[in-house]
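Got some structures for you, see below.
Two complexes are shown next, each including subunit A; its partner changes from subunit B in the first to subunit C in the second.
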Partner chain A sequence: MKRRDTLLAMILLAPSAALLIGIVFYPILRTFYASVCEVDRKGIPGRFGTLENFRAIFGSDVFVHDILPQTLIWTVVVVAGTLVISMFVAVALNEHLPGRRLMRAVVLLPWATALVISAAIFRWMLHPTQGPINGLLRSWGVDAPPAWLATPDLAFGSVIAVGIWVSIPFTATVLLAGLQAIPDDLYEAALIDGANAWQRFRMVTLPLLRPVLMIAVVLNVIYVFNSFPIIWTLTEGGPANQTHIIVTWLYRTAIWNREYGQGYAMAVLTFLFLMAFAITYTLVFGREEVERL
Partner chain B sequence: MNRAMLLVLVLSLFIGGCTNPGQQGQAPTPAGEAAGEKQQIRFLAMEYDLNTRPFMQKIEEQFEAANPDVDLTIEVIDWNAGFQKLSTLISADNAPDLANIATLWLPELVALDVVEPLDDYVSDEMRERFIPKTLRGATYRGRLYGLPIAVSARALYCNARLLDAANAQPPADWDELLAVAQATTDHGAGVYGFGMQGDKVETDVYFYYFLWANGGQILNEDQTRATFNSPAGVEALQFMVDLIHKYKVTQPGTTAYDREGLQEMFKGGQLAMIITGPWFWGMLEEDVPDLEYQIAPIPARREQVTMAVTDNLIMFNSSDHKDAAWRFIEFFYDPELRLEWAETFGMLPELKEVAESDYITSSEQWSTFMSLLPDGRFVPLHPRWKQISQEIIDGVQEAQLQTKTPQQALDDAADRVNRILEETARAEAAGE
Partner chain C sequence: MMASRGQRILLVVAMLPILAIILLPYLLMLSGALKSPEEIVAREYTVVPRDPQPQNFVEVFRAMPLARFFLNSTIIAVGAMLLVLTCAIPAGYALGRLRFPGRRAVLFTILMTQMFSPIVLIIALFSQFTAYGLLEGWKCFIALILADAACRLAFSIWLLTGYFSTVPREVEEAALIDGCTRPQALRRVLLPICKPGVVTTMIFAFITAWNEFVFALTFVPSDEFRPLTVAIPSFIGQYGADWHLLMAAALLATLPVVAMFLLVEKHLVRGLGAGAIK
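== the complex of A and B ==
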């Protein structure tokens, strides 16, 4: 009987397992394999055993001098900005204020919108002549409001701001869940000890929020590092490649230019980087977590 | 018993879910099936607009009525997904018999050795029916690989009221362009003389209008070197940059405006002049019927130019029924059908007979565009054109943003393009 159950379980699981292997593990392995092959313009890997794809990526001035630093700035600024703002939002939503249920729903709502749609709306809002943002600025007396997506600095600032905006709902919700898990008596005890609001936040909230914060950081870094739709919809990496990050550059390289080999190599680099980040981060902060307990 | 049935059910669901429902009913059965022995041909048609589907359906019915031995299937597909879809079908050895393609795709498809040359099919008599220029788009390395299905050119649209107010005529050359742009620009009112594209696809084409007019070329004849950074090219780009930054007669922040952005501004009466294609007057008449406009040739300098663009109907060499496919092509170039096509989609005619029809000659817009066509230049047919054009766009943007001088921006872009040209030449030498 028991053996038959195991068998049935295996049979029932087989389709999912096959699916997972077929659409997750196989493509990953194939990407790794193809990245060290000569790849033709149909994307089909040929002769195995060459580092030419990686050499070509790092031989590109644009990739080394623009794309890499931009990816780094984009990831760090968006994740940091998201965490700081989300923390304020989460703390505010955790207070016993009237209408907080409604506010929680409102904060979470943008999360339900597809990124492409949010980005398309922002593209319109940032439009130099028809966009409401410049309309507002004009009505406030600003004579010549800027074309936000026209110059590299403003465009990069704009995509970062939108990147932060779309990341807040998820992060704030995760942090809020963490806050709600902190027992009220700890705050009461701190109050009795004479701690002010900042001290309560630093000594009670932050340490207890640490595991949740850690998750928020890891997930955000992965999402943001890989985030394609915002930049692509807003600027397609322009003007003059000054808002590209690795993943948008990968799309242009592999899909537009049909340099599939370099595309594979960039995908491998991204995978390795994020993997290394996740492992290091968990080791460093995870261990502290364990030691503290 | 129950468990076994459940298992069968789950497995069958899984297997059923794995087959591609999109293919059902459309999958071509191998030639010579039992019923009636009809010849099956498939036409993958890219969608121009919402009229495409009904139009294609009508053609399908008419053709089948006239050719009872042929079973024609026209599958309409979105342009953006078109090349991906074709590539997938080709690599699965399941190419259609016919497709309409952007000319830009042709070199790549020829390199894959899937396109049937039509030189032996097209009789001299048939060739004679086409406006010669329109056949140039599908002539690649000395062979004719397709027939033009959608022809367009570019012209200067002028806001007549703004020009009248400034007492100006549509400009014929660069000096006049600058003068008219200066006379119509009113920064306080948010009205600018000349709309300059600086974002997304065809940003490079705005540069070509000036490059060609100045006597320059994008690549040399045998496509081994970039030539757009010649003195003619640098002067052309310098003129564009001067319009933006020195004379300030374009909309500010040019690199935020793609073609649609410019068209919207023109519709809003904020631009006195823009360069765009024949589809635009239809949009103007529909969206802003009160706006008075004139269509004029692109301002010249050393030469009078426009860009000519064609899409082409091609046949795949894997077709099992080339005769039937060719019969469809002959049917398709019926003058009445082609006139209806031009009316429906706002495309310039490719048949002389259609071009001479009352419908075309009695319309000022149509005849203006038709008169420009002989000056039309095609962008080079190169297997990696998209990449080359993107490199040129980067250079044009750098110059517009003044992060580089026009000379520096074009020289750098030329280096990148030369590298692509060399790689292509090397790959082709190795492949042959």
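== the complex of A and C ==
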């Protein structure tokens, strides 16, 4: 019976294996290989064994002085902002407040909307002369409202704000699921011991939420680090590259400028960074999950 | 968290601005979609359109080939959904119900693929698909369906494995004793029991392929094959001031997926948090 099960399992797993090998694993291997090759203008790897692609990336002032720090700021600020707001939203939704179902539906909206569509709406909202935000500011007496997406600092701030806006639904949902798993009697016990709301949050909620919080952090870092559509639609990395992050720069370098070799090398760097997070992720929750199944 | 009455009122009051900020773009989109071409670019901004133009939602189909874009998005999303189901149902069954050596290693490997972002894969996929001649004409749909399905597969398999593994062994054994083969038992007994899981996987695969952007941006060779996500933002440059039509198109493209999303959201969370959260 067991041998028949093994054979059956192999047959049943074959379609998934074929798809994952063809579309995920083979391209990853090819990316690694091509990153240390000379790559022509069609993306075909040629002579093997050169670090020229990596040297070209790190020899670029824009990459080292703009793209890298911007990627770090983007990831840290968006993830931190998302977590703080989502934690608050999750705590509020966990109470049996009036209109809870409606609030939940509203919070989920940006998750169901395509990132590019959200970004397109924001691009209109932030338009300097025709957009509603500056329209409202003018009607409130601001004479010369700023050109949000054309001023470097404001543009970066704007894409970060939109990045947080789109990340809240997923994060709040994950945190809410974690909150709902905390038994009520723990809060009752803390209440009897005279703990106030803040103490109950710090002493009961936070420690019990820790595993879920870690998952939320790791998943958010991966999503935000990889986030392409928002920046691409809002600013295309401009003005003057001041809103580019690694993934948008990679796209521009490889797909627009056809510097495929550098693109492959950047993909390898991105992959290695994410791998570090994937390992953390698996160690934190993957193992436990596999045991359970 | 068992807050007092005062604290609960405070929470509601503090939630209001957050909810308002989440809703604002949707309200402005609706208001913008109903404005006349003059009002949308008027210097004096109006939140409520002075003279609402519901015919914008018809007009937009004339101003751009929106029906065609809807068709393209539907082909890609339905194709990716079918491919995901074809792969994930057997795989979820094997991993959730059969015991075989290397099962854990397979589950781990599948979980790892969830970490690979489209951006990391895109250059290699682009050159592979070009070499196979898949990025010419309508064949770009094949490339998009393959890429979209592969990127949703890990999550779908995990979700279905979870569902299949919760069905008691006796249920399936009873069917086998009654003379069903394993595939028959899967079709007649397990799938009906796991219907919420299968429906959730379907809708998840459909929505994520419908909303996908970077593969479509890269693989689609000409305008006529563009899905909504690539087509709609592209009108920003081309039709700079036609914001009212752009917002009407954005609203139409968003409504169906939002409705589907709210239907299955509860089951999705189960898969996303996968057990660890429960």
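Everything that follows uses one rule, which is that the second predicted complex is superposed on the first by the 270 of 293 C-alpha atoms of A that agree within 3 Å, B and C clash if a C-alpha of one lies under 4 Å from a C-alpha of the other, contacts with A are read in each partner's own complex, and residues count from 1 in each chain.
Definition applied: a residue touches a chain if its C-beta (ideal position, glycine included) is under 8 Å from a C-beta of that chain, and two chains touch if they have at least 3 such contacts.
Everything numeric here is computed off the predicted structure, so don't read it as measured data.
Peer 1: May I ask you to decide whether A:13 touches subunit B, subunit C, both, or neither, giving the answer as first, second, both or neither?
Peer 2: Touch partner of A:13: subunit C, not subunit B.
Peer 1: For A:192 in the superposed arrangement: first (subunit B), second (subunit C), both or neither?
Peer 2: Neither subunit B nor subunit C is touched by A:192.
Peer 1: After the superposition on A, what does A:229 contact: first (subunit B), second (subunit C), both or neither?
Peer 2: Once the two structures are laid over each other on A, A:229 reaches subunit C alone.
Peer 1: So in the superposed three-chain picture, is A:117 touching just subunit B, just subunit C, both, or none of them (first/second/both/neither)?
Peer 2: In the superposition, A:117 contacts subunit C only.
Peer 1: Given the touch rule stated above, what does A:205 touch, subunit B (first), subunit C (second), both, or neither?
Peer 2: Touch partner of A:205: subunit C, not subunit B.
Peer 1: Quick one: name whichever of subunit B and subunit C touches more residues of subunit A.
Peer 2: C
Peer 1: With the two complexes superposed on chain A, say which partner A:130 touches: subunit B (first), subunit C (second), both, or neither.
Peer 2: In the superposition, A:130 touches subunit B and subunit C alike.
Peer 1: Let me test your reading of the model: by the given contact rule, A:257 touches which partner, first (subunit B), second (subunit C), both or neither?
Peer 2: First partner only.
Peer 1: Which residues form the common part of the subunit A surface touched by subunit B and by subunit C?
Peer 2: Touching subunit B and subunit C on subunit A: residues 8, 11-12, 15, 42, 44, 127, 129-130.
Peer 1: Of all residues in subunit B, which touch subunit A in the complex?
Peer 2: Interface residues on subunit B, with respect to subunit A: 3, 7, 10-11, 14, 87, 91, 108, 111-112, 190, 198-200, 251-257, 261, 264-265, 268, 270, 383-384, 386-387, 390, 394, 397-398, 400-401, 403.
Peer 1: Help me check something: in the complex, which residues belonging to subunit A touch subunit C?
Peer 2: Residue list for subunit A touching subunit C: 2, 5-6, 8-13, 15-16, 19-20, 22-28, 30-31, 34, 42-44, 85, 88-89, 91-92, 94-95, 97-98, 103, 105-125, 127, 129-130, 132, 134-136, 138-139, 165, 168, 170, 173-174, 177-179, 181, 184, 187-188, 191, 197, 200-201, 205, 211-212, 215, 222, 226, 228-229, 232-233, 247, 250-251, 254-255, 260, 263-264, 267, 270-271, 274-275, 277-278, 281-282, 285-286, 288-290, 292-293.
Peer 1: Quick one: in the complex, what on subunit A touches subunit B?
Peer 2: 8, 11-12, 15, 41-42, 44, 127-130, 144, 146-152, 236, 238-241, 252, 256-259
Peer 1: Help me check something: in the complex, which residues belonging to subunit C touch subunit A?
Peer 2: 1-4, 7-8, 11-12, 14-15, 18-19, 21-23, 25-26, 28-29, 31-32, 40-41, 43-45, 47, 83, 86-88, 90-91, 93-96, 98-101, 103-104, 106-108, 110-113, 115-128, 130, 146-147, 149-151, 153-154, 157, 161-162, 165, 182, 207, 210-211, 213-214, 217-218, 228-230, 232-233, 236, 241, 243, 246-247, 250, 253-254, 257-258, 260-262, 265, 269, 272-278
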